[in-house]
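Before anything else, here's the structure in question.
By letter and in written order, the chains are A, B and C; residue numbering begins at 1 in each of them.
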Amino acid sequence: MSIILDHVTYTYSVGTAYEVRALDDVSLKLDDGEFIGIIGHTGSGKSTLIQHFNGLLKATSGAIYYNGQDIYDRDFDLKGLRTQVGMVFQYPEHQLFETTVFEDVKYGPKNQGLTDKEATNRAFDALSAVNFPDEYFDQSPFELSGGQKRRAAIAGVLAMEPAVLVLDEPTAGLDPKGQRDLLTLIKRMHKETNRTIILVSHSMEDVAEYVDRIIVMDEGRVFLDGTPEEVFSHVKELEERGLAVPQVTYLMEELRARGIPVEGHATTLESAKEEILRLFN
Amino acid sequence: MRSMINAKQLTHEFFRRDEEGNVEGISVALDHVDLDVEPGQFIAILGHNGSGKSTLAKHINALLTPSEGTLIVDGKDVSDPANTLDIRETAGMVFQNPDNQIIATVVEEDVGFGPENLGVPTDEIWQRVEAALRGVGMWEYRSHSPNRLSGGQKQRVAIAGVMAMEPKCIILDEPTAMLDPDGRAEVIRVAHELNEKKGITVILITHYMEEVVGADYVYVMEKGHIIMDGTPTEIFSRVDELIAHRLTVPQITLLAHKLKMAGMDIPDGILTREELIRVLCRLS
Amino acid sequence: MFREITLGQYYPADSILHRLDPRVKLFGTLIYIIVLFVASEPISFGVITAALICIIVISKVPFSYMTKGLSGIVMLLVIAGVFNLFLTPGIPIFKLGPLTISDIGLKNAAIMVIRMVYLIVGTSLMTLTTTPNQLTDGLERSMRPMSKIGLPVHEIAMMMSIALRFIPILVEETDKIMKAQMARGADFETGGIIKRAKAMVPILVPLFVSAFRRASDLAMAMEARCYHGGEGRTKMKPLTYTAADRVAYLIILLFLAGIVALSILL
């Protein structure tokens, strides 16, 4: 099970004055069960990239294979792909529309052609998976708090039981409590279900803390791809492109520059703490 | 010196209504809040969603009026409807969503909207618009459409729109919540510049702890109460309390705290990387 | 897909046309429309074409930018043209099976197509060179006498300019919502009319919710900036006629007189 992008290029508004090459010769292999973070500036091509994973955008050139099948093949089931690669857009709560939370979550499974009973089961499981309180199941989604709306919206995608879950800045606009709860939930979901999770984020600290692999996008290209340690060891190159590394990584680099024999590249709070304690005790 | 903002026992209650519009209950958004801001200060108000911080902000701009207690803005009582326009001219407000507060389709026309409402003569409107746009570094974009600007640029236009009314105080109600890190840095930088260069009193309402580091004084709100107040160093010295209230602490502050708990000789309230490096270098 | 619509969207540039008073442009557009329907002789269309080309050049708006807006109505033009071409009786000049093209049919079809294209290009020139705010200011001023009979002229103008500001935002939002629902397996393309109409619900509900939220945010932001209706308001860009505007009025009237004279004389 994997998604392979083979020399994918995507150009917006081809042939007009506004022509923009949003993706430029991107080749990637995303394996089953990975927890991947995608980072980059606004306009670096991250959002365009993820919309290729489920076929919402069609590459101007290049090919994409889902489990070995060419998704641009004429008899490939694109609608099926969209339920296999679940996509949670930014501010997903803006897509809620049903009269109750429960009905809204059932929308995806019903589109998959499941019976009402199956859809009900799916909705129940999905809402439990995001820790959505049962007493609000029959509430109107418009009366919930911001954090709950977001959970309901994520459940709406989860209910389709996708093999891959793509989340575009899932914590945007939530308060710190809501952000941490949601990231912890996503991490737990990854551990328990071993589903592939792709997280688009602006926060270097979050990405470093939660994911196993980081893809850095810059001007439509894959600029770096590796473990957090590998990626954040390129402090200079990231800085040159106006991207930051986690605060603790900076700290350790600066300590090293001052002659303190720091080893490795700490990217998380815990690893930095361990390293400093090792050095000073 | 006269206070810019003075709240005494400020309380605000909302009526919760059922589907027929009958009052079901009362929720208290602000519960006997005392607050005093001096002219020229940079104040930060921190808290989760629903902590009452936005309700407080809307009172300072006379968009809401107190249910109980008093709020005086630059010597004018918010509860008196005769003061409303004066207060809005004195204390301008910037909101969270950049798209939903830009009225015009051209940047300069939007900045001129406030002065137009105030009845400022045409020549002076132009002077104010120019000064305001230069103040936020958006003068080159004066004839652009807001739709083609980045989030940070839109917020700077919104700040210019308030600055053109020549206020003494600006309230920024979560101005960075919908922006990317670049946009957030832009907006916070502009807020500090206006405070330092023009002496504008700034009230920054946010849930990002990193953004309050440069403030003169910080209030932390929860459930309509002020639960902590002090300088940023004082606030960030109380890491355990902040964590108990489920507020995030900047990563460096948290690291310093954890090192201290592990037995290292590190002071409380470390705010920046430089401070921690200095301390660690001294220790080695 | 919606983003490509450029018809009538303001194009920023520094030209004489951009600087003209919006009232002049409104008046000019009105005269232009009248003239288009008065004209029927090739020579009149020649004069109109010359005038249109002059204005396009003066406007500094790229020609390709204008024609891009036209692509949307090509089908309409073709249908209208074909109807005129084949269904107008007259002296047959070409025969193809049951279809006959007459001389008058040819002329009518040509005039029809030219009128429609010129109408769209000409009127879009006004919106391309006038910001929505100027346009509404112009309308507000031109309609000011109506406020004496109780018409809320200022409010109507304000509503129009806000609508123009939010149309592109809502268009983009529609696009986003559609994609999000497609990611949840929604299908907007297959099925009968009822199925398709039903499929629109998941787009329309979020769109309305969002529009209402934006409206209430905007109302608050306007209040916070001391908006209290049209009373006591000054203008950043007050409408005052300059020498160029007077010259423009003169040119417009001469143009009208010229075309009228041509159609009477010929």
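The rule we apply is simple: a residue touches a chain if its C-beta (ideal position, glycine included) is under 8 Å from a C-beta of that chain, and two chains touch if they have at least 3 such contacts.
Keep in mind the model is a prediction, meaning the values are calculated, not measured.
The chains in contact with chain B as well as with chain C are A.
Between A-B and A-C, more C-beta contact pairs are found at A-B.
Centroid distances from chain B, each centroid being the mean of CA atoms, peak for C. Note on chain placement: the centre of chain B and the centre of chain C lie 42 Å apart, centres being C-alpha means. With centres set at the average Cα position, the gap from chain A to chain B is 30 Å. With each centre defined as the average position of its C-alpha atoms, the distance from chain A to chain C rounds to 42 Å.
Chain B makes touch with chain C in their complex at residues 61, 63, 85, 88-89, 92-93, 95, 97, 99-106, 108-109, 112-122, 125-126, 129, 143-147, 161-162, 165. Residue ranges on chain A touching chain C, taken from their complex, read 13, 16-17, 51, 54, 56, 79, 82-83, 86-87, 89, 92, 94-97, 107-108, 111-112, 142, 156-157, 160. Residues 10, 12, 131-133, 161-162, 164-165, 168-169, 213-214, 217-218, 220-228, 232-238 of chain C are the ones that touch chain B when the two sit in their complex.
Per the touch definition, chain A reaches chain B in the complex via residues 41-42, 145-147, 172-180, 202-203, 205, 242, 244, 246-248, 250-251, 254-255, 258, 260, 269, 272-273, 276-277, 279-280. Considering their complex, residues 48-50, 150-151, 177-178, 180-183, 207-209, 246-248, 250-252, 254-255, 258-259, 262, 264, 273, 276-277, 280-281, 283-284 of chain B touch chain A.
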